[in-house]
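What follows is chain A paired twice: with chain B in the first complex and chain C in the second.
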Partner chain A sequence: MIRFLIRRILGGIFVVLVVTLAVFVLFGPVLRWHSNISPARLYAGKNPSPEQIERVSALLGLDKPYYVQYGYTLKRLVLGPSQEERDRVCPGSTAAECDQLLGRFGSSFAKQRSVDSLIWDHFPVTLSLTFLAALMWLLISIPIGIISAIRPRSIFDRTSIVFVLIGQSLPVYYFGLLALYFFAYRLGWFPLSGYEPLSNPGQWLYHLLLPAFVLALQFAAIYVRITRSQMLDTLSEDYVRTARAKGAGETRVIIRHAFRNAMLPIVTMFGLDLGLLLGGAILIEVTFGLQGLGWLAVQAAQRLDVPTTAGIVLFSAILIVVANIVVDLVNATLDPRIRLE
Partner chain B sequence: MALLTVENLRTTFRTDDGPVGAVDGVSLSVDAGKVLGIVGESGCGKSAMSLSIMGLLPKTATVEGSIRLGERELIGLSGSELRRLRGDDMAMIFQDPMTSLNPVMRIGEQLIEAVRLHQKVSKVEARQRAVAGLAAVGIPSPEDRMRSYPLELSGGMRQRVMIAMALLNRPRLLIADEPTTALDVTTQAQILELMRDLRSEVDAAIVLITHDLGVVAELCDEVAVMYAGRIVERATVDELFAHPQHPYTWGLLASLPGRNLASERLHQIPGTPPSLLRPPAGCRFAPRCPFAMDVCRADPAPALTSTGRGSAAVACHLTQDVRDREGARLSGEEQA
Partner chain C sequence: MSTVEQFEDMKTEAMVVARTPRQLAFARLRRDYVALASLAFIVLLVLFALAGPLFESWTGHPVNKSNSTGVDDYTLLPVGPLHGCVNGLASVGERACFVLGASNNLGYDMLVQLSFGARTSLIIGIVATILTMVVALLLGVIAGYVGGWTDTVIARLMDIVAAFPFLLFAIAASVAFGASLWFVILIIAFFSWFYPGRIFRGEVLSLRNREFVTAARMLGASNSRIVFRHLMPQLIGPLTVYASLSVAGAIAAEAALSYLGFGLPLEIPSWGRMISDAVPGGLYINAPFLMVFPGTLLVVTVLAFNLLGDGLRDALDPRGGTIL
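Let's turn to the complex of A and B:
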């Protein structure tokens, strides 16, 4: 088990390394070569003189060869900004002021702030949205999926298939706008946009309920389908018949014997979806004016804020890698076949 | 007194192509302490019959006729009444031990559940019974095995666990559906030996379903030979081997390996069992039977009638003389 964990963590670190390299190449040399965009020029403001650009280049360390820049990017990601960079970028300011400007993910071009602080400002919104939505879609989809599997081809099952089709085919921005129009604008049950921090739980829930529900419906559709098919498979297993032959009641057979096996692939999918969503649910966040990571990424991309965009990409990638490792761990706990192989 | 009495059992599956009569008018009975073997090819209705008795068939199946456990009629019982009997008064062992245990539950958890579903005992007490049950089926260090998952045990050990689980609540009826088929030959022998030992201890009526006449000879008191959903011959084991009466039984006996050491090829019955969707008229074995006459291919099918030797009965139009002669030829060969 410990060896399994170490192997997975080493693998994860390798993936993150590859991602940093890809991000660095894409947002550095490729951007410059393909679109002739120089970060120094972007940073230097409107219509800079060549001298200004050169000064900014030196300030940001962009005058050094790419391999030196990449080496430093990696080092900064792990250890934080070096004293040399601190002295270069924010000479004469206090450590706290400099921390606002410099971070592991670099500094934003658009704002005089570190990408780290931007991410940490916006991440709670995405985190809240994701967890509320995840809770909703599990509570909706798993019971529906199980009941559909117990009574295949019943009216309930057919209705749920229609629901799945609608949920999967309605684009989230369209459905989101419809929901906003009816429930927020016409009926006034929910606010039109915005987010309140968790320190005020009532307001927090009030602002998140509608976007989380729209997001949840889309995922619920997929989860109904996978729960139903997994349960159908599991219910025809020999050990389910054994459980019935022991005299176990239907509820016990379904929950303790069948679902306990059927949920293993659902857990896997759930973990990966969480990892993906935590990197920012762009469409929902933009539709509902929630300033989460997805919203921040759109803003940064529009303003050609290269470090922020790259930082969010890297941050999301790390989340997905972590989610993968967590999924493997949870699966190993739930399934002795993985743990004992 | 018969512990299990089945009368005119009909089990029909509803399918997209029409009803399939998997069991078609089967009657049999087993006394406490006795073992009844049910023999036949795959698809002859052996398993459908045992699942009918246990009430484990899917909702697409209808079961008619009469199944009595002691005095109690099982057909028509509600789901929860049947559930209380299953695993308590009647228990079942399945064919494939590799897939019959829940892979994500520890052995102990599955055994304790079996006890506590039917007995109001503490967890500790249930645990003790489970450990004792494992010990009784010859599982070494049962305390440790309680913590194992099924995948940590071999097929033979898993089948022992299944047997232990079936016997935990001292059932009056035990149905074993091909309990050794999925195991390798040496393990088969061990499981058969275990079942022979347990036979005398548990004092339950046992229905042993198999396609292997060798297993029947080892374990059973009586045999019913099934073909295409019907019983074609019924006798004590000794009687069946000494005076086999039905052409299908002759085919089965002739197919036993090791009989004809001189010839290298195994005997096989030509053809395949009929479709139960549209079974042939008359005797269902007639299309494959080397002795078939015109009367065999017309309704009504021959009924099970006594051969005059004890409880033995056969469903065949051949005259007693022909049957005795052909049967004697076959068992004569066996002795030679």
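Let's turn to the complex of A and C:
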């Protein structure tokens, strides 16, 4: 188990390294040489003089060769900003003040803030949205999938297939706009936009229910299909027949014997789809005016706020990698065969 | 009756015809009305996209051109469907008729924008799919056939690309590369190849050790002959299925990027951007057709390519049942 864990963590670190490199190449050489945009110029404000650009360049460490910059970016990501950079960016301020200005992901061009503090400000919105969506998604898809598998080719099964197809092809933002139009505007059941923190649970749920439902439905559609086919497979296994032969009740057979085994690939897929969920969250946040990470990323990218955009991409990649490791651990606990592999 | 006569009799009663798997697949496809309807819709969509210049001259509204007649003087909202179509036909010179209304608050003609948007979607869907399939075939077949370290490296590469958050990364990349048609095609292909690639790799992996490959090798066939003459033809089935699904995916991905305002430059019409045009200031509340026309077209198009892919999968499945 320990070896399995170490191997997965090393693999995850490698993926994060590749993402950091990709982001660095995009916002370093590609931005500079392909699009002829210099970050120092962006940071220096409107119509800067060459001296100003040079000063900003030195301030941000952009005058150094790329490999030095990349090495420092990695070091900062792991260990936090160095004392030397702290002195350069926020001279004369206390450590706490400097933390607000400079973090592991650098500092924002558009706002006088560290990218870290921006991410932590906006992350709760995305976390609430995706958590609620994931919960709804599993609660919708698993029961429907199980019932479809128990009664294949029934009317229920056929209806659920139509629901799956529509859910798969309906863009989440268009569905979101339609839902806003009918449920929020016409019927007035939900607010048109906005977010309330969890400190007020009723309002929190009231504001998130519709966006989370829209986000969940798209994934639920695919998972109905997966649950159904997995359940059909496990229901025809020998151990299910054995369980029936030994006199286990039908509910027990379905839940304890068939579903537990069908769950493995579902958990794996769930881990892999977290990236898609974050992508869907961007579209939902923009559509519903929820100021989460995705919304922040779009804002930052529109303003060419390079460190913030890069920080969010990195943060999400780390999030996905960690989630995948957790999923693998859950799978390994559920199924001893995976550990021994 | 002699045995021979009996046999002759049977032959006339039930003609047994030998049919190749491909003929069987076509026969199954011909009976799949959902897949046929999807195909018919796709053909209509291509015609609709080609008719763009016709719509331009017929309505007198060039693509990407704002029309003062397309915005209501009092409400400042884009005009609705059939606006000016009764009186407008009589007007001299430029016809004022907006068959499907205007598409944004600059008074672009919805019909013209939809038609040129269909071009964008189809071009991106098809070109991105060709690129995706070439890369997926190349890497999938190499990984599956060569095996060993090559396989490990390619399989890890697939895992890494799969772990990237596509939309977020595409936004970041569009900042760095700037907006262009090729950028959108390449970024979509870059994030799509791993999925069919895994399928092709798995197929080749299972075919590699089958008897017909061993037989070919024993007869002295070279690796390239085995790959191109013996393995590749087996991949045509999954290739067509995933190509159809990939077109749907690429069209949806472009629309999502354009909806967020990244990827395509403003002068290229896009359904995704048309939907996003309905959002600022809650325009869609007062003029829902702004999002419903491009939205519905997008949904039906993606659905059609998905259904066609599903239909092809069923038709090419040898367990698909007998066709009389």
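FYI, the second predicted complex is superposed on the first by the 333 of 341 C-alpha atoms of A that agree within 3 Å, B and C clash if a C-alpha of one lies under 4 Å from a C-alpha of the other, contacts with A are read in each partner's own complex, and residues count from 1 in each chain.
As a working rule, contacts are C-beta pairs under 8 Å (C-beta built on N, C-alpha and C of every residue); 3 or more make two chains touch, one makes a residue touch a chain.
From a predicted model like this one, the values you see are computed outputs, not experimental measurements.
Peer 1: Could you classify chain B and chain C on chain A, in the superposed arrangement, as clash or fit?
Peer 2: Chain B and chain C fit side by side in the superposed model.
Peer 1: Have a look at where A:Y185 lands relative to chain B and chain C in the superposition and call it first, second, both or neither.
Peer 2: Touch status of A:Y185: second partner only.
Peer 1: On the A-aligned overlay, A:F131 touches which partner chain: chain B = first, chain C = second, or both, or neither?
Peer 2: neither
Peer 1: Have a look at where A:Y72 lands relative to chain B and chain C in the superposition and call it first, second, both or neither.
Peer 2: The answer is neither, since A:Y72 touches no partner chain.
Peer 1: Per the contact definition in the header, classify A:G279: touching chain B only (first), chain C only (second), both, or neither.
Peer 2: Second partner only.
Peer 1: To the nearest 10 degrees, what angle do the lines from the C-alpha centre of chain A to those of chain B and chain C enclose?
Peer 2: About 70 degrees, rounded to the nearest 10.
Peer 1: Check whether A:W204 is in contact with chain B, with chain C, with both or with neither, and answer first, second, both or neither.
Peer 2: A:W204 contacts neither chain B nor chain C.
Peer 1: Please work out whether A:P171 is in contact with chain B alone, chain C alone, both, or neither, and reply first, second, both or neither.
Peer 2: second
Peer 1: Comparing chain C with chain B, which touches more residues belonging to chain A?
Peer 2: After superposition, C is the partner touching more of chain A.
Peer 1: Applying the touch criterion given at the start, work out whether A:V30 contacts chain B, chain C, both or neither, answering first, second, both or neither.
Peer 2: second
Peer 1: With both complexes placed on chain A, how many Å separate the closest C-alpha atoms of chain B and chain C?
Peer 2: Superposed model gives a least chain B-chain C C-alpha distance of 9 Å.
Peer 1: Could you pull out which chain A residues touch chain B in their complex?
Peer 2: Where chain A meets chain B, its residues are 237-239, 241-250, 257, 260-261, 264, 334-337, 340.
Peer 1: Under the stated contact criterion, what part of chain A meets chain C in this complex?
Peer 2: 14-15, 18-19, 22-23, 26-27, 30-31, 34-35, 165-166, 168-171, 173-174, 177-178, 180-181, 185, 192, 272, 275-276, 278-279, 282-283, 286-287, 294, 297-298, 301-302, 304, 306, 309-310, 312-313, 316-317, 320-321, 324
Peer 1: Contact residues on chain B for chain A in the complex?
Peer 2: Interface residues on the chain B side: 54, 56, 79-80, 83-88, 91-92, 94, 96, 99-105, 113-114, 117-118, 149, 151-152, 162, 165.
Peer 1: Touching residues of chain C toward chain A in the complex: what are they?
Peer 2: That would be residues 159-160, 162-169, 171-178, 248, 252, 255-256, 259-262, 272, 275, 278-279, 282, 284-285, 288, 291, 295, 298-299, 302-303, 306-307 of chain C.
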